[in-house]
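Chain IDs A, B and C follow the sequence of writing; residue 1 opens each chain.
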């Protein structure tokens, strides 16, 4: 019996005959270089072709939601750092936003502007790391180090003001932990000046590279409908052509007062996800540029740190757009200083699951590209 | 016109040995043979150490780093320390692995590299053996390396390794075709398969520019195909550490891993040296036919230095590729070979044949 | 928050208008992704080669300029390496030039600590009658450096510093006692004129003397 090309494309059970192949299972992870942590994907492979992807979670489950029940609202902020550690400030903001909404704490403009600047800087920082890791996953090691090199500049900016580099615990319910450092404005400006040509270089080194485009274009198409039904958010959703950005739809902070565009993809393939993130870096810089010169005067913390914030009985939900999508905090409050229950709607959990819809039929190498373009952070999936 | 060809008399080690044998000097014969063997072994070790150090330093500077800095001045002894570490590491063979093949595979890989090394004309006086089918031999033997990779991947009893080995097998066999086609261009022009004669035929100029257009194109194709043949980025899909963890050598540790590693670096040197020999004149200094004074000035630099410089340059270019490009996917890799390189290679070969037929190249042989 | 169905999300445009109170900067809309173009066989090959050469140009630019190297040779550059003033790597208690602190053992930091890394122990029989600090035990091994204790302190006794080389081989050495003495605050002590009398009121405490206390019962 002659094996035709069609036989090879069809699942082997349909092909039959002496040249039919056998599917096998393979564990990608929990120790695998491109699962970015301890994520385990069980792959059903037919040769190099992926037939099915089953994500297996739980390898870095820390029970943050449960621990949160024994922490005051203020203390829970420092746990939110440890969800998606690359968007620590935005996670802090999500918790603070929810608590402020519940406890009816009004903020001044200074706090809002600084929060917005910090969140956008963190978005740039997160995307820098993603860009480097994407390069490394696709076999180019150099972008990884360039990404980290440029990220280091921003990390220093953060460290000078907040004292920490990764888990900042900076944005508090009722304000900010510390006021910005006197050098902050200057440093941010010099960063913007430094990073703009670097971003152009990113495009030269990786974005314009024909090999990268071949690896990403038309690979891992996520249809808009699938993306929405999977609950994907953030750049992943926007790359699929759905212009959904909380910063525009439900503006918080001072996003309603600044001009910026929301990059939206057309096909929903890896290349669109790549482009959306690169463009988001540009837009974030644009936002920071508009705000950095006019930070209003005012106090940086409106609720005394020693006061335990009490949230009136009720159900509260607050959400922000982190670098990876929508982080929602759902709080069941019983009127005390401690939440009765906290649930986290983390962006990576849903983003990861879209891989089950888009990966089948592609190659192992494509799977790596898709994982990379979804930009997952495993501790955020497992909590 | 000064005929320079007479001034480059090639005397290989094997030639000297057989002459000594004919003269009845048995001691000298064994001496030469032993020198060849020991020389090769020392050369292999030294080359690997130097290349590993060079790769790490070059990669570091491409990436705004410093690279090894601690062991010795600017980390110059780093590779010595690393090889010591590898030597002392436990040698693990997985429980369900095919033990014999698992042990054999790294040697196969290294063997192929060494067998090619024997033929390389490094300077008129430094060549171990010189056969009249040199190019054929080199292309045939270098394909043997794929066998080592296939064996290693198969015997490890690891699915990732097997995937890597299968990828490597498909890739190496495909790219051999293009590499050979581009080597044939030079064979056509020089009219010989003997490597030392090919070098001597470039006394009036290197084939990369003497053969108008086709030489350059053949060189480019050979460079791409040979990078694919030695499994380096952007064609390192058989290792693909971010996809297959480490591909065919996932299950190897200690010295066996080091052998694969060694083979990779020796292979890199071999393809660079071969490209230098065939397209860039090997140990032949940079000559332009007819310019006797210029050529004489170029001859002041010893041929060994020319060979080393050319090979080093090509090795640098291959490293440069590795530290810039992302990796291709297996089907793209195959498409590049069968749909782009191979047709261009065939057309190029045809054009080269035409050029040879009509003497349409610089300084045609009378 | 409005309830939106899937269809609404798919079709709804982004909010185009800014609130009337906002400055003149207008909001702009979405930006559609451009697709890289592909043409004929030779065009693809040549443009591809060009893009590869461009990338090689970027890496070579860095290769040829050693000044762009960002590596810090860490143990060698200890003398010049300085973290920022606000860096949070080690908790400390501020003692003034006489060696006295201002801690009144109010337990605020202990309550603010999210992971019970701080244990404040009062002196059983304070000389002044008011609460006096006996041990201030800080467990570095469970601390997350969230800075909550520092900002919560009403007398700014605690401080974070940028001393980061704190590794030890025995995890018991990560349990510090931050106070240098057991006794009243500097304010109370400085009211006493006689230095000998002051000395009698306090009791010296070592850095690792907080450990037995933890063993006894820990947090009250």
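Keep in mind that, in the parts below, a residue touches a chain if its C-beta (ideal position, glycine included) is under 8 Å from a C-beta of that chain, and two chains touch if they have at least 3 such contacts.
As the structure is a prediction and not an experimental result, all values here were calculated from the model.
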Distance-to-centre winner among chains (Cα means, whole assembly as reference): A
Reference subunit A; chain at largest CA-centroid distance: B
Between subunit B and subunit A, distance of the C-alpha-averaged centres to the nearest whole Å: 45
Subunit B and subunit C, separation of their C-alpha mean positions in angstrom: 53
Distance between the centres, which are taken as Cα means, of subunit C and subunit A, whole angstrom: 22
Multi-partner residues of subunit A (each touching 2 or more other chains): 142, 149, 205-206, 209, 211
Per-residue multi-chain contacts in subunit B, two or more chains: 62-65, 323-325
Junction residues of subunit C, two or more chains touched: 52, 55, 58-59, 70
Subunit A - residues contacting subunit B, complex: 24, 26, 32-34, 48, 135-142, 145-146, 149, 205-206, 209, 211-212, 214-215, 363-366, 368
Subunit C contact footprint on subunit B (complex, rising order): 58, 60-66, 69, 320-321, 323-325, 340
Subunit B-facing residues of subunit C, complex: 45, 52, 55-56, 58-60, 62-63, 66, 68-71, 73
Footprint of subunit A on subunit C - complex, ascending: 1, 6, 9-10, 12-15, 18-19, 22-23, 25-36, 44, 47-49, 51-52, 54-55, 57-59, 70, 83-88, 108, 112, 114, 144-148, 151-152, 154, 160
Of subunit A, residues touching subunit C in the complex: 71, 74-76, 78-79, 142, 149, 152, 156, 159-164, 167, 169, 177-178, 181, 201, 204-206, 208-211, 213, 217, 224-225, 228-229, 239, 242-245, 248-251, 256-267, 271-272, 275-276, 279, 290, 305-306, 317
